[in-house]
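Labels A, B, C and D are assigned to the chains in the order they are written; within every chain, residues are numbered from 1.
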Amino acid sequence: MLDGTWYCDGWDPNLKILHRIRATLFEGASEYQRVQVLDTHEFGRLLVIDGLPQAAERDEGVYARAITWPPLLSRRGPTRVLVTGGGDGHVAREALRFPDVARVVVCDIDPLITRVTRELMPFLWGEAPGDRRLEVRHEDALAYLQGLPAASFDVVISDITDPSGEGSASHHLYSDDYVRRIKRVLAPGGVCVAQAQELSVKDASYHGRLRGLLGGAFAHARSAAVFIPSFGYPEGFVYASDDAAALSAPRAVVTARLHAAGLADDPWFDADVYAAMFALPPRLR
Amino acid sequence: MLDGTWYCDGWDPNLKILHRIRATLFEGASEYQRVQVLDTHEFGRLLVIDGLPQAAERDEGVYARAITWPPLLSRRGPTRVLVTGGGDGHVAREALRFPDVARVVVCDIDPLITRVTRELMPFLWGEAPGDRRLEVRHEDALAYLQGLPAASFDVVISDITDPSGEGSASHHLYSDDYVRRIKRVLAPGGVCVAQAQELSVKDASYHGRLRGLLGGAFAHARSAAVFIPSFGYPEGFVYASDDAAALSAPRAVVTARLHAAGLADDPWFDADVYAAMFALPPRLR
Amino acid sequence: MLDGTWYCDGWDPNLKILHRIRATLFEGASEYQRVQVLDTHEFGRLLVIDGLPQAAERDEGVYARAITWPPLLSRRGPTRVLVTGGGDGHVAREALRFPDVARVVVCDIDPLITRVTRELMPFLWGEAPGDRRLEVRHEDALAYLQGLPAASFDVVISDITDPSGEGSASHHLYSDDYVRRIKRVLAPGGVCVAQAQELSVKDASYHGRLRGLLGGAFAHARSAAVFIPSFGYPEGFVYASDDAAALSAPRAVVTARLHAAGLADDPWFDADVYAAMFALPPRLR
Amino acid sequence: MLDGTWYCDGWDPNLKILHRIRATLFEGASEYQRVQVLDTHEFGRLLVIDGLPQAAERDEGVYARAITWPPLLSRRGPTRVLVTGGGDGHVAREALRFPDVARVVVCDIDPLITRVTRELMPFLWGEAPGDRRLEVRHEDALAYLQGLPAASFDVVISDITDPSGEGSASHHLYSDDYVRRIKRVLAPGGVCVAQAQELSVKDASYHGRLRGLLGGAFAHARSAAVFIPSFGYPEGFVYASDDAAALSAPRAVVTARLHAAGLADDPWFDADVYAAMFALPPRLR
């Protein structure tokens, strides 16, 4: 039955996904974007920004692991992590699960995202708010990057919203300038990861553009994709570094590091899932 | 753009109306029915019961006048009005605008409707809650009718929900027994009005059944229809009485009584609108 | 169940009407507009132009009578009728039912409409194609009006599509120039009728603009509205003339002329329906 | 814009996927099921049975490879393949690409599927219709299996529709009896593959039941999942055999056999994709 209340995902003009909702828990706008928290039947609480789904209670852990774990599994020793965007907390939460992570800075321009998710979607944050290694800043990522000393981070995770529509808060970040500034603050051998939109048989065009941006700045770049049910498509990610080894850990190494980090029994991630993320169909590579 | 949040009216399985919503203000259930108050773009606040629209901020006055004013315009002198259902208040509100109305009893089984509309849709109630002539009871209409003395009311307005689905709180009311009990409590020459579902070129089947029920119990019955934008169709009403004059006031009489009641400048109702309500296409009469 | 195939009406961005469809019988485009003929569950075959419903098997007769009969009922003697737009045939069909009508010219720029409706919706045309009084032309209405002698028609019916979107074939017709050209070809006391979009509690803005255009050119103008189920709203019409009597026939006259024309037993139209069309709520007059 | 015509997938009552359609190319019903061929914007021509998407022009090759190639890659020498269901042809097409395949029998109860796809979706069949190794039968799979000699096939691919709703043509096939009959016609070491519905973080319940059916009959069973954009979810498959080696080919073997079969340059499948299909998140294994 269509009867009832629904949220319609704004992603694709020719393929519409309607989520049955139980309630609108929050609806508001900051100076940067419109923000909703919806209670959906299929995916629990869902954060929506400018009409697009960002994180759902039921499967946000799949996304958060995919963007966070691969770069952290490729290294050992004290690791400094910068998250641009990411004001909803779950990327920081995942990074802080790694004991070697010494510091996590989240730089998201919009304090509303943080306020709303801390209150209505606390599972996104988990134990992170009480963790002394975490710093959350609300300022423009470009400006913050500019002011940082060179080589101040080992991993930069770009978890910004999609640049759909001129009004998107992250529109200006999809540029060579943004990538160059990220590269400058990375220590040698550091890794940059970016959420990179749909990557599937049906659509890989946006992904290709972002892959090009990162591939132009770093010596090596790899694409991966993970199906996110609440998005309705496989989300793409680009991992880039000047050090090829930082982008590709052998199976035994991944397993050993998961054990060392106390993450060996995770329900959603292991060495096989890690390998499968990168096993794109030949045409999409 | 379909993007956003929507309420889908459950009325017609082959013609779906989606209302863009700004927020879900209330979503809950009593032991009788599911109740929602939605903030819609087109119609303002909308009361929804069991998935069907009941009253919208923008056009509820059209419905409330259509069901209330005709029987009150056909009579003079102290008038006692019983509303079965009607727990959302606007039928009572309209009845109380007539100075000749001496008493209005609303008998709606579900206190949740009254509580939610008093709080979130106070415009439905207007000045009624402070009016000493009003009594609101929450009990089964059949039982209440049974316990009343004969001839205790001059007008009975049946404003119950549609009997769609076995679970409807009003399902058992669509019966000969219900109509006979109403007739018993009406004084001689009294009028019974019933909201009577869609009445249009597209669908008049439910209306026909209800018209038959009332036509079997009273000597005279007339149908009327008024387009309610938030329903998406012309709502039908049946007015029945043993006194034909109570169902059909001449134009001059209507105008005179509107003046006498201080309702001559109403934006939605006058003698022409009154006549037009009853001017159904020949096939639908 | 939403499952299945649907047509979504493009009219209102905040209130979407979905029609369940059985099949797409035609989908194509002329140089002027996109044209579809859909087989819908609720309304039978439906003509859609540029995404908006134009005429449905089940209720087209209501629309066609409302735009055609009132001006023809107000006069006697040989009547020459010009229809601008109207390439789907049903306005011509209704005009030709009046024996006094001497001639009907349909001037619609788009031959595709005529071809598709003649083939797939022959009920729109009825007996009209074999009627010697009918002439169908496919050219721009503005140019055709320009070339006509003054006072060559008694009734002009503007049945053009809504001016939604720059691409609409009729966009340039909503102008003072168009109305002045119509007035010039009308004989003294002639009537101009225009379909004039939604006219309801919910929306009357477009109607108001068109009413203004006609009201500026003619001494008298009246608005009417008729609920068209397949549109989901009451369609507005404006009737304009320099002769007030041509816009308002008394009940007895209407009944007499329906009898004289052999239309006394029509299922959708009689003198009461005629009066009710004009009985708008005071606020909408 | 929602405006236009849409097909709404009937799969999930709480998550609705609407495909914009250009046209309905076929809509009909056999004695077994309703069948549509729709021309969609995103996926080209789409076969729909009983309201559910079956195969789309744009991504059918992903599904067809996933169900067909793994069992054929695990063996060498003359191979006899039985497809139950599969009347749309693409599983047979993929099987016939392997030179070692000696015979393919498709046994689908409904000749309408075959007729409609041969005419409107010939890409599903490719060169198969002219291949002498192919036999297409239209009879009940249960009865056909019953009448076969034991050990007459090496691979059985169950490509039947989902058992949603009592009316499904395949409902009676989801049973121990069906699986036992398949096992009886398999030669020693043979493989049975079954399409096994959604397998994702969001839903794995149906898949689990089918996995249980096959796991009860064979010594070994493995699950895999491949995202099918036109379904909107990862489709699950179960591969079962008494010979564990038939279910798991090492990377080098897969690559060697793809080369031997002339399939080394396929755009959608290689040894990495093969491995990734089986790399389910630990919780879903």
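Simple rule for what comes next: contacts are C-beta pairs under 8 Å (C-beta built on N, C-alpha and C of every residue); 3 or more make two chains touch, one makes a residue touch a chain.
Small disclaimer: the values here were computed from a predicted structure and weren't measured.
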With a step meaning a move to a chain it touches, how many steps does the shortest path from chain A to chain D take?
1
Chain B onto chain D, same sequence, C-alpha superposition: rotation to the nearest 5 degrees is 180
Suppose you list every residue number at the chain A-chain B interface; are over half of them used by both chains (same) or under half (different)?
same
State, to the nearest whole Å, the distance from the C-alpha centre of chain A to the C-alpha centre of chain C.
55
Take the average of all CA coordinates in chain A, do the same for chain B, and state the distance between these two points in whole angstrom.
53
Euclidean distance of C-alpha centroids - chain B vs chain C, Å:
34
In chain B, the residues touching two or more other chains are 1-2, 6, 8, 16, 18
In the complex formed with chain D, which residues of chain C make contact?
1-10, 16, 18, 21-24, 27, 36, 38, 51
Residue set of chain C touching chain B in the complex reads 1-2, 6, 8, 12-20, 40-43, 58-59, 62, 200-202, 227, 229-230, 232-234, 265-270, 272-273, 275-276, 278-283
